[in-house]
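One structure, as structure tokens, below. Some questions next.
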């Protein structure tokens, strides 16, 4: 019959396929399950598992249906933002990764697709019960747009046995100067083949989290509280100088132990002794290197000067509520249930080592338990003791750009240091930082024009 | 021949076509009016605005272009894309020509089969090729690293997609695999159309091998060579999906370590659709269009001059 | 020495030996060159086919042995533990989204719908316009031709930002049909069909008119059957462009249940970062329809593809 189809054989079959698929499409349109009352999207597997366990109780208590969706973060972010601005279907609640709030709060306030949660937090008396420094990450123009999920205080994890064997007394390592001095003794070539096979510290070769964690501890920042670019400061320049010397210098104490499998190997072989470790990473070690059980320990970060802050912050997740939600009150209830229920937060800590942002939950017995992986240390106590001291991290619409530009500046400094050594190094660092900051400012200025026009 | 006869249709029959041609053309006119002309005019307008996704917008004059002039990330994108275009013209096309010449000498059946094989990667979309090669470039276990190691005793541990120096070579290698066959088919068709008498005459005059190819065969293929070169440049300046899939897990996706895989359209996609500034995106679009237009014009001019 | 090196060495050595032995003999020299050519073409084909063979092996290997064997495991090692369909099973497993449980066939359906409807529309609308431009005289024809050729010079990316804004304003965003509409007709297709229709003698069309065919009937029953090779070639070009489209679908489609294969597989690339047999299986499946179509149409396709370039 297709010989009579004027366009020929292949177009005939394609037209048939078009017809069949259209009919199938139309027929299955009605078969889609109705949208549940609430939809929550997360990008973290462990959160997904925890929420899936917790949600049935909420569904029973409120007589509603809740759907938890697990998606990959990178595509989620842009699709969500596009959907919010285009007015197409979005979830009611969505978890987002640190540094991305500014992306969703771009433009004039009336165009922001998120609920301003500030008043709700005050009305429900939650505002004062959370770690105050954690609101900064989720605020824009002084208003809170997402609930902080975690605190993520930072410590150092180390191989207890190897550190003791190296004759290091961690109790004396209360400043970075002392840490470096001890590190210069510990970092060496153990088997005499001319290659260093013992480093004191794991620092990322391209800066990134290693650099930001250390500069946050020192009081440096990417953005000031008003959201202005602030990383072209002397503190950041000095931190880069320190970082360069420790990871590239003639008396370096640090190497890049990589991530995942390579970290496991570095840790097992003792290539690196100390690892920068926020609460979530302490759990990652337990999961990925179970054979080091009992051989590991945690200690607060050394301070930059005696008596100063002994922790920092690395990472963070927040929960946004969409204005497009049909059931905002129910969504708020679910958010509070998943984030601020002290009993389940205690369980959550036992499962994940995550320090809850709700201070009431710190008294839960789970946070007092000795942890066999870390040689019986009460790591819950240790992390919560540091938690109030975590530095605030301010967010901006150009957060991602700032982090990328800081890395670029750092990699230029590395090139310069490798070529010319210390000569003119600090000047280069300063000028690279100020160029990078100007790049980010140019980007930020554009965003500001938009906000002010609204 | 047939075409010239067809240029005066309807005249002889004397029948009035009336509204029929307009009716036949109406879907095209309607669709192109709404979905080409309107966006085209809007692209001009948008380039002078800053927008918040498709929602709010504010007039900024030439600020978009001034921003691009000073943005180092954009300069990197321009550099990478130009490098890619150069590689397409100076590596890919000679390779395609070489394959076409090799193939042209073969028997008819082998020619058909080999043509089919060499063309086959073109059926696969850039995204799929990117996905496949992102795994082939895996250090230590990947097919490419293992092959390179076996042949040259180098490269088993190279992180093609993680080392800023190797990212562009990786993208170029992938594009070679993908597009050599397509260009080869054009060259092959042109080779087959070359006047055999002309070649024979030259052969009698004593030209052979390389000389024959350079002075007789290649010049008579000029229109196709120009066409393929111009199309390569146009395509190269719009490369996007391939690096995006290859470098999907860098942040932002497609940028690569230290922006080493960033292309102009990846930049456009980032500012317009992932950061929501359709205005700045339009400005980038105009710059790409302008580059493509200028380069094509120059190429066509140069080939004309060479002809004279 | 390892296998690939030995092969290369043997090939090169044979070529050199043949060349050395050919001094003074034109026939032997030609034989040496023929050998060299065959060897080079063989290498080129191996390079092109290598990734496909690797892919075919990878999707059936168990995740635990994926990196153990470069291609297929040796036959004695074949067992359920090394070769199975787990990747496909994981691929076909439903994923919970806010639009309910979505299975992989949904994305296949979306892709098939998008590509086949798009191709059919482009074929009909472009051939109609191409025929009109080739066989009628009417006012504004030259201007229209000029405009059409000019529009082909404008890169598509330039129009995406304003098109997206327009789609949002018109409520066409996040819909497969809204995504199809702007691309239902192709200027390139019109151009191809115009060229093909020009070759049809006017006498034939006039004869059709005398027989009482309507103008549409002439197009549909007389002209189109005569330009079938072009229709086939254009069909494949058009199908490939829709099937492999990523940029526009990635921007225009927001809901998970509306995504097409390239968009979804790009998502999987991140999702199954450590289990890449899964997205490779999806990629392999996505390669099949274009391959089938190509095998069916390759003859028309290659002549159609090159006709414009070689003649023009």
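Letters A, B and C mark the chains in the order given here, with residues in each chain numbered from 1 onward.
The working rule: a contact is a pair of C-beta atoms (placed from the backbone, for glycine too) under 8 Å apart; a residue touches a chain by one contact, two chains touch by 3 or more.
Note that the structure is predicted; figures quoted are calculated from it, not measured.
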Can you check which chain pair, B-C or A-B, has more C-beta pairs in contact?
B-C
Tell me which chain's centre, taken as the mean of its C-alpha atoms, is farthest from chain B.
A
Chain A to chain B, mean C-alpha position gap in Å, rounds to 39
On a C-alpha centroid basis, what's the spacing between chain B and chain C, in Å?
15
Mind pulling the residue numbers of chain B that touch at least two other chains?
51, 54, 248-249, 273
Can you list every residue of chain C that touches 2 or more other chains, as numbers and ranges?
168, 251, 266, 270
Where chain A touches two or more other chains at once, by residue number:
74, 82, 85-86
Spell out the residues on chain C that touch chain B in their complex, using ranges where they run on.
2-5, 8, 34, 37, 40-41, 44-45, 47-52, 54-55, 58, 66-67, 70, 125-126, 128-129, 131-138, 141, 144, 151, 153-166, 168-169, 181-185, 187, 190, 195, 197-202, 205-206, 209, 215-216, 219, 240, 243-247, 250-251, 262, 265-266, 269-270, 273, 276, 279-280, 283, 286-287, 290-291, 294, 298, 302, 305-306, 309-310, 312
Which residues of chain A touch chain B once you look at their complex with the stated criterion?
74, 77-78, 81-82, 85-86, 103, 106-108, 111, 206, 400, 404, 407-408, 411, 439, 442, 446, 449-450, 453-454
Footprint of chain C on chain B - complex, ascending
2-3, 5-13, 15, 17, 20-22, 24-25, 27-28, 31-32, 34-36, 38-40, 42-43, 46, 51, 54, 99, 102-103, 105-106, 114-121, 123-128, 131-136, 140-141, 143, 146-147, 150-151, 177, 181, 185-186, 189-190, 193, 223-224, 227-228, 234, 237-238, 240-241, 244-245, 248-249, 265, 268-269, 272-273, 278-279, 281-282, 285-286, 288-289, 292-293
Per the touch rule above, chain A residues touching chain C in the complex are 6-11, 14-15, 17-18, 21-22, 24-25, 28, 32-33, 35-36, 39, 41, 67-75, 79, 82-83, 85-89, 91
Applying the document's contact rule, which stretches of chain B touch chain A when the two form their complex?
50-56, 58, 60, 63, 67, 70-73, 248-249, 251-253, 255, 257-259, 273-277, 280
